[in-house]
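I've put the structures underneath this note.
What follows is chain A paired twice: with chain B in the first complex and chain C in the second.
After this line comes the complex of A and B, so read on.
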């Protein structure tokens, strides 16, 4: 008799649970599985323990990091201000977002139809009127605060100034006195012998040393004095920031109202239409006159109307759009890299001779920095595109739906190619390794079955090597993402790198914190890219290796 | 309803005033600029809608340095740009990149400063105790710098100074300032493109926005640059501005708006429209009320402080743009002409300005061979386009944007001779050879060339 094995009955709930766990496993989000198991009431003690380890501990660690950061950052003073704390960085990210929102609002305003425009214009005008009062109030406040802090400031600076001035005067007289006495002694030297003269040299030396010491002392005092002068009281700073905020809003609203009013596309079209109607009327009704000129004016007005009707607000690049362009750029580079690396990698894996031929190139070019590649590639790409705007590739890409909004230009292509050149090595090497490690039995079976080269490639070689190929692609994408930001900084191709470079060169009080914002954005996007690659890698492989983080 | 209908009527009325709108060949343009306050005319023309009025949709793009900017203009990545006065001239005669670049519009006058590091400033104060006060007398010459240079030379070192580009106004102003107190800044030659032959100090190129950081790092001990990078240095305590280009040469031409000759030939009406918008922007920037106060500058500072334009703090931009300049924390002076965007016929592309830059290029050896006086005039005529300017300005007079009195009055495009230099040397644009030979330091040419 066969013993009966008791299988748990598969209820719908259980199936659901396993499906979720499988999905979590594939996406590499294993820290979520104890939560699912806990909800399914599977060994609660163990699950709570796991939740503690994989969810609570990381959160606590991150909180500790934030705490340390807030505590330590203000301690380090630089010429660009204090190192920003998490709060300041958060505010800066809101500033970046506000700039984006305002520019988008302007672009939208330009295209609005009249009903919407009227309503929005009404709101903007009301807000502008309100701003007058707010600004007057803020200005009154700051003058009060400034008056109050003026005394405080003078009191703060005075002691260091007096100390410096007094010491400076004292040392100056002392120096002159010493020099005079030395000069008097020098007058006597003419009649004195060697010993006296040698002794005199020592005195000169002594004088030089004293002067140097006094200079050092003065320098210290001067530093205290200058530092005192740079003192800004927090309340003044705060009031100034409030005024800046209001003034910036006014700046925006006045431009915004203009875009909603006379500057909108609709108003401009109406204007062009009336111009056209007028010139046409003139042309048709004139009895004599220069018909050639009049006719030309009509044609020109028609052209003007046509361009006005399709015109857009020339919106500056804002961070969200720059991020998308960076992503497009990194994927372009990644695709190029994959297209080169995978075939060559497969060939390397299949033929040890080919591998031997490729080894010097891999060894030589793999360690080259993107910062070396970029200028070279820029010059080469520039050579292919003497007139970028009329180049066939740029023109062709202008018709591609998404790409056309992100202006593919030689700088974009150079950055993408640099990404490709730096990131293809990981894929190449991994592919070669994957192909080379195919079990001989599999290939023997292929021989027995008399499979052709293509069938062997697609039925055996690639499927077996796929997990390693994807492991390589994952590294490539991560490398590419890191390289891209550097390439964009150097090539000033629009993207995250350009944003960082612009902020660095702006050197305003905000920019230091805005660069920190980019650190997090780059990090988060990099993390997502990695996750996506993990999912692909998991989907094609049967084992669980290489997906830990 | 009422507001929009008013706006519509206003639009139509203004439309009628502009009845002869230019049929521009290219209506979507990209203009480049460097993050300096004197890019203002381009930024203002965009933000105040002067480009829109001409039917131009303009994207304004920051460039990382002057070399990249010029290359982008030449390769056509951008259509035109805020340029150093020397750039179109140098490109045309083939110093550096060779390409024909022309200019119909001078963007501003003055606006540069010379900043030295705190330690150099201290030593200058030791050499000249009069400087060690809260408000020293100006102009400060480089005489108190001379002993420092000599001391370093005795130790086998050379004082390192920064400027922004080999053919920049800053390079020539800094050299002028140094040479006026007999500090030799070095000659260029065919084999020495860094310009250090016979030099007592070494000048090197650094992009403007990176000047304060480079000074702080100690790579250079001083620099000559436009705003806000001098004010930035004093505000952050990195260095001390000692003099301004206004003191070196009163009302010196500074930036120009440059395009390639190809662009100018293919798009004459677009260039005219651009020039019109820029003249209006210049006028707007120099608008004053009855008491002579510059009325629009604060708004301009607000606009320039946006991160996509100059991006520095409003307070720092304001220091120099609103008619004052901060030399030390205790020393904020009135300098109403620190930035001139329209007054004194500033925007007109004067041939004599072009000739001055050519004489300086020859003086320091960037032009390696002697040229006759006629050559100087010829090159200036090739690069500067006063014809386009006058046409644009006259159209603006017809449209009521300018008054006839605001048109520059000149017959030949040369400014009268002037002695407004720190060393009092006289400059007459029609006598370049005599001018070259009047300098103590600098290459001299045979007097016979002046007649040719």
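After this line comes the complex of A and C, so read on.
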């Protein structure tokens, strides 16, 4: 018998280390591997060097970016205030999250049952009572701070004020003097000839020009002065922000208490029930009266009760919810794109004739911008759904577990289809390339084994093409995510794009900062989507080829 | 009994700007059942072309090939091939690669039976403990073992080896030669081996077909190697006949391969009667010149 081949055995520690390193490699987080190797005490000098290059350097670069941003942003003033600094953007992101949390709390409060509701209501009332004291304290603080900084403020404003006042007085007297002298000369003109009169005209013109120049100068000084007046010192700003925060909390708590109290579903239901009982009673016991009217009232009360019992708090769209909807939209589009692109790509790779037939379409439609596709698709989808609420597709999607909470409408479908149309090309071309680049040796093996078409397709062709198919899918998902935000802005479909559009229309300095928050959120989500696709790509790659980061 | 008959085999490639290019012409060979035939010749002489035509992977321009009484038409599992590169599917384990063919060739076997066939084939090439390994986890030699297991698991009528050890180091090559001999001693499969390694063909083959240089390559000489089976490498190396055979092959390749002659057929035992290879070669050269 032929001797069997033996494999060397590894210690448990080494196996653990290699497993971790392999996981890091597959997930494309290669910057972590020197840390693992360092912990395993493998060539520390080299590992420290690598940590320096792949962890420290990126952190330093990002810190430098934040520093530059903080330094440069306040220098540019816009209609929506100064360009926000990193700190302001961070605060804005906290604001976005707080809004989401409060709206969710309200929605929950609306549905609470009696015992829990009363307990929570009590907590809210206690907090509200405490707010009074807090607000009084904050107001006292701000007046203290203002008083303290009054001197500083005056000293800050004084130079521009004195400069302005002095110039104003100076110009005023100068103007009166000039006018008086002109008037004196005018008295003499009655006896003088043409030349003198024409010369006088020039003097009047000169006076007008001087007056205009003085006005301009004064205006500039005035601007500096008013700007100085609007100056708020950081400590004052901070105190004001604290007050605003407290006011916002008060507003929330009062609304929250209402949701927990009279405004809750439970209270409303009780109210409707008593109304119904009353109207029913009236209808049944009345001996004389308009039974038609009374009966109608009973039926209406019944309807009201039914709607109240299943009603929900009309929660506004918050950014986290919009993000989830955007993700659902991009995945819907991505699924449609994959379902079209992979089969067509395989056919293209298998048959050069089919590839020739598809080439003009690929070449023609690939470069078309999503901004052109979207309006066309919106109209076409609209044509299929004259009454979206009653359309079978919308109704069917209303029963899909997650989708039903995110109100699928024609706008959602149009955005998803736009994503699909713009992103499918990368997958299609890559799939075709993957299938066409199958090794001749493997085909020979298939011939010798006389594999049928399906066995050849699923056992040889598709596995060969899988790494490239996933490379294509990865590009498609990235393109789709970029396209989606643009599509949502244009279609005003609820999602990240809609949020950006709303913030743009809003135009306050806070919404300006929130748009910066969106930049980072879109970036981070895009990065995660890409990572996920890299992992998939690595898992289906049978060779150890490295991937781009 | 003639198991494989190759008659008047021609491979010519059309040339749009002149006469067709003949790679192989007038190739005639009969192979007995259970015989191990080697094809040897210089690079590009067309030995692989003959093998791929026999496998059905290359179209036959003229003539024909009959295997077990039927003329061949295209490739099929009755003529299993072990390629020069292992040609394993990298996304399948050793077991999966062998099963790929087995599932197709034994459509009526039960799952358990197929599994048994695959396991038997893999253990006969020494890979009992490596069935779940993927090609990337195996050395070149191990991958080629899987290639051999995939071929023999098909229970072919003819086993075709297309320079199967060409890319392996000499130690691994010897190991695999022993593996092949071991299997063939048991299974008695008719085998054709293409190689350019003279030691290998002398050690493995019953007959060695020496091909002349291309273009229009054909059979130059055929040498029967009458060592008893099973063969043992160490014993053979001690036998002067072994070196006579080597000498004969080398002298053909270096001195006579470029000549056009009628095919000469030798028996290795007859080589011993010659006083030396010089006599043999001279007579042939004279013959060719005359």
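Quick note on the criterion: the second predicted complex is superposed on the first by the 393 of 549 C-alpha atoms of A that agree within 3 Å, B and C clash if a C-alpha of one lies under 4 Å from a C-alpha of the other, contacts with A are read in each partner's own complex, and residues count from 1 in each chain.
In this text, contacts are C-beta pairs under 8 Å (C-beta built on N, C-alpha and C of every residue); 3 or more make two chains touch, one makes a residue touch a chain.
Please read all numbers here as calculations on a predicted model, not as lab measurements.
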| chain A residues touched - chain C or chain B, whichever exceeds | B
| task | Quick one: classify A:317 as touching chain B (first), chain C (second), both or neither. | result | first
| said: Quick check for you: in the superposed arrangement, does A:139 touch first (chain B), second (chain C), both or neither? | reply: neither
| Who does A:463 touch here: chain B (first), chain C (second), both, or neither? | second
| Of the partners chain B and chain C, which touch A:217 in the superposed model: first, second, both, neither? | neither
| First, second, both or neither for A:113, with chain B first and chain C second | neither
| First, second, both or neither for A:226, with chain B first and chain C second | first
| query | Following superposition on chain A, which residues of chain A contact chain B and also contact chain C? | reply | none
| query | Which chain C residues qualify as touching chain A in the complex? | reply | 55-57, 74-77, 79-81, 83, 85, 87, 89-92, 100-101, 104-105, 123-130, 134-136, 142, 154, 178-179, 182
| field | Contacting residues of chain A [partner chain C, same complex] | value | 1-7, 439, 441-442, 444-445, 447-452, 455, 459-460, 463, 466, 542-544
| Of all residues in chain A, which touch chain B in the complex? | 79-80, 99, 114, 117-118, 121-122, 125, 168, 172, 219, 222, 226-227, 229-230, 240, 244, 247-248, 251, 255, 258, 261-263, 267-268, 270-272, 274-275, 278, 300, 303-304, 307-308, 311-314, 316-317, 382, 386-389, 409-411, 492, 501-511, 514
| task | Could you please specify the touching residues of chain B with respect to chain A in the complex? | result | 1, 3-4, 7-8, 10-12, 14-16, 19, 21, 23, 27-28, 35, 46-47, 49, 52, 55, 57-60, 62-64, 68, 75-77, 122, 129, 132, 207, 209-210, 212, 216, 232, 236-238, 299, 302-303, 305-308, 310-316, 329-330
